[in-house]
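You will see chain A twice below: alongside chain B first, and alongside chain C after that.
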Partner chain A sequence: MNAVTTARLTEPGPLDLLVLQPTPFCNINCSYCYLPDRRSRKQISSEVLDRVFDQVFTSGLVRQPFTVVWHAGEPLVLPPRFYEKAFALLAALNVNKVSVAHSFQTNATLIDDDWCQFIRAHDLRIGVSVDGPAFLHDRFRKTYSGQGTFARVLEGMQRLREYKIPFHVISVLTRASLDYPDELFDFYVGLGSDRVGFNVEEIEGPNTTSSLNAVDARPMLTRFLSRFYDLAERANPPIHVREFDSARAALLAPPGVSPPPDQQNTPMAIVSVDCDGNFSTFSPELLGLPSTHYDGFALGNILTDSLADAVKSPRLMAIERDIRAGVERCKATCSYFNYCGGGAPVNKYFENGSFDSSETMFCRMSRQAVVDVVLHKLERSPVGVQ
Partner chain B sequence: MALEKDALTMAKLRGGIRIVEGERFAWPRALSERLSLNSGVCFEGENVYPRTDWRTPGSDELALLTGGNADACDQLVLIRLSERLVERWWELAASHPESSVLAAGAFDVYAGEVMEFLSFKQVEFPSVCRFEARITAPGLPSIHQTVGGLTALQPAGRLVGGINLSDEESALVILNLTETQLSDLVPTLPASASLSEKARVFLTHCSDYPQTRISLAPGEGFWLPSTSVIVDGDNRGREQIDVQLVIRAA
Partner chain C sequence: MENQKNEARSQAKKRLQALLKAAIGGVVVAAATLATPSAEASIAPALGKTSLEERVRDMRVAQTTAANQAELSETLLAWGNWGNHWHNWHNWHNWHNWHNW
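So, the complex of A and B:
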């Protein structure tokens, strides 16, 4: 092994997100989904869970509170009793009593009274994936038979509200959404959810195209974001948009302060484990996706390999080296670097063909357009700066 | 007075003003479900009212009303306010229960919000415009019933658009012929004749020419073509007062 591959370019961790795939199965079939095996009904075994938690707590990566995100499939297709056992397993191995939050990103179609009681009992963080009112949501978020899922999602969210369970909403923005900021805003207000995140439709894995990959998409998105910013700012109570909050924090950081390292560019800040025990780091989406260049993105299997060894593995070193080079390239060439920190590896790889690259459609849409809008608003309304 | 063609042939709908749904609005029902035609107009003294025998248009008629690539200046575009803006109207109205009109400041703020919303939807406003809240009684065949009904002379400010702010469906009735078409059909009138005069002469001779009725749910409205058009409200069938936000070129 040569000097380049053994030199630690970035300190691994600390672990911030542990993304666990309880099952790849999803009960709905969104047309822009990047998960290749979402029809598979496999589920993570207690043996895999035991090994994951044991290794996480003994790896030296846990140096602060972290969050377990149950995702990459619809987590609620497994019953509450599955999670009851998983949480107990984690607690038993958490000898230092590190604060661990559990977060579920769900399509909400399966939320019932049992789930609500379980969510409240364990103080779970809930994010609901819903793309807005029915005419937007049902275009892409369909059942396997092609029916819209909006009505079921709404029922699930209604149940959460009945139980006074707070939840945030994540909406995928497609080209179709961009004419409807007011309609989306009205929808969120009606839900009573004051925290919203916008994910742009990305190019990654099986989703090889995006409706936003067009010349006129950025001005359209900018208009959308600008309008939504105004509506959210005037709302009473206000609606917090994840992207606006991040951009505002970056723009208002004192001069000379470097952007915080992006979790997705820091080895082992995010650890993703699939239901078979394969694990990876950097962007969570990478784990299930193919790569001839690196012979896959999995760094090992938790049943046979250790996280501690993976940190030193040639594959991780090679991926990390290329990601680092890509971040340096961003730093050298992108005027938005100080507000971003170097982009998302998964988008660089699947849009540009290499981690060692810079700007992507994702950057333009998810980062640059947002920074442009927030900067413009802050410049126009400096009294609004807190 | 001679007309271009025999009046009998004029009982058949012609293509003229096209009715289209605004592109950047969400539409809960099909355009065809909100359109109806009748058998023409009736006269009560000087007033011209649409007959009440409304029917569903046939497919050929629907194509004439909605199809094709009409010049944008001949399009009547349907628009739709966001739910928030409709609710906001009623909040404003409720906050001024003592007055039949909203305090000017509150109304201006509301009009500004509507304009912001419609501007985002790329609805084109005249360089200067005026917003009015127009309230009319239920059951009337026209909102111009004391001044001519369907062929009433329009006020000086050109009507640009209107939005149904009531909580009941309202209806817009149009004569779907452009001013150019009416001029061709009534060649004996001088070119300087008003659109109302041309329409009155035309409808006097062709009273069986079908009128077009457009149903507008609460929050829905219309944006008129840049060319003049014969248009009226029809409050028959309503149980409550009709409240419209009217936008005129100033």
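So, the complex of A and C:
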């Protein structure tokens, strides 16, 4: 670890996203997954949960409503009664009655009537991970025995629809997806899902390569996004694509308005806690991934260390300093900075070997290509408010 | 002497142009069509800070003359609120406005 400055570079928090890992276990085995421990059936204890919620509410980081995302493993492998207790625990410690939303990002294979009733009863926010029609989805999102999971996912989403539970979709774009914008569009329309987010296949942790890490991938992605933009814009009802909405907002922001600081670059805007109680901040994927440079990314364990102390810890200060230097590097060198805000630390670290770096494949694919497409569209027609 | 050479070149150029128009014009047009980039292919990455900033500035000027400016500033920017958030979660902040099943 490098020498550490004691000056605070960025005000920690406020907490925006609390990412809790109820279990690292996932019942499926996607080939591009970044979770190293997804066969482990460990489960977060009520002692850890109690400490997390207690510390969160007494840390000074809660200054606005925030979201709890149950993630980093398939959250629905634990039964509704587990979450019933967890929500009650949080509510009991939330003495100031801060608005807290609970969210699940799920592969949808385990959604049944019990889950739907629970989701409705608690007004939970649901995101489904599905990569498109079966011929795309089943290439990467498989069971441990190598079978495709599409049919089960579809069944789960159908159940959500029967219960009139809204959900958004996040699809991972691989090279295989890029020739099929029309098929993906038709798929989302058929689902009745009008909110879509595209994640590009990333290089991070155990996923050391990406099918998009090739010189021809960016023009392929550009063609895909351009076609999808046209389809989405003409759709009735419209389909909101997270990437397009964001790029439009950034490009149309009044002159002189700086990009908002990236949640992943702000200390303690995200707090991630694994099922053993280890906690970290910045990109949630960092927790659990190795680093010889910082001796790991965990800032402590919630059973023995406090969030308040972690904010002042040399490890956090070192990571924060390097992340900040990377953002400054982006600002100085990248023409897209005003429409981005400085990139994602986890991608910089695992692609470039350092937080103190700038452009990544992730930047080129998930930000630059999107800005290129949306700017091109806006130059040619007045904005269509979807 | 030099003038004569220039005149000859000019005449030759005119004949070539006429020939292209009359005889092989179709081929030229076809080739030009093939060479014209598609809408998607013409979406080039921004080459420099100035270039991108200028394009964005010009686009904003054009957009602000559009009649839907009020909608643009409120609805559209609100939809963009998820920006700069962790991408493995959706972060649409206006989730509660959405009940359109």
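Everything below uses one rule, namely that the second predicted complex is superposed on the first by the 378 of 386 C-alpha atoms of A that agree within 3 Å, B and C clash if a C-alpha of one lies under 4 Å from a C-alpha of the other, contacts with A are read in each partner's own complex, and residues count from 1 in each chain.
Criterion: a contact is a pair of C-beta atoms (placed from the backbone, for glycine too) under 8 Å apart; a residue touches a chain by one contact, two chains touch by 3 or more.
All values derive from a computational prediction rather than experimental measurement.
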Touching partner for A:N301 - first (chain B), second (chain C), both, neither: neither
Which superposed partner A:F135 touches (first chain B, second chain C, both, neither): first
Touching partner for A:D182 - first (chain B), second (chain C), both, neither: first
Which superposed partner A:H376 touches (first chain B, second chain C, both, neither): second
Chain A: partner with more touched residues, chain B or chain C: C
Which superposed partner A:R223 touches (first chain B, second chain C, both, neither): both
Which superposed partner A:S354 touches (first chain B, second chain C, both, neither): neither
Which superposed partner A:N27 touches (first chain B, second chain C, both, neither): neither
Touching both chain C and chain B, counted on chain A across the two superposed complexes: 223, 227
Contact set on chain C toward chain A in their complex: 39-49, 51-53, 55-60, 62-63, 66-68, 71-72, 75-77, 79-92, 95, 98-101
Residue numbers on chain B that touch chain A, as the complex places them: 23-24, 26, 28, 82-85, 116-117, 120-121
Residues of chain A that touch chain C when the two form their complex: 16-17, 19, 67, 69, 71, 101, 103, 105, 125, 127, 161, 164, 166, 168, 170, 192, 194-195, 197, 199, 218-219, 222-223, 226-227, 237, 240, 242, 245-253, 255, 259-264, 270, 283-285, 335-336, 338-341, 344, 366, 368-369, 371-373, 375-376, 378-379, 382-383, 385-386
Chain A residues within the chain B interface of the complex: 133, 135-136, 179-183, 185-186, 189-190, 223, 227, 230
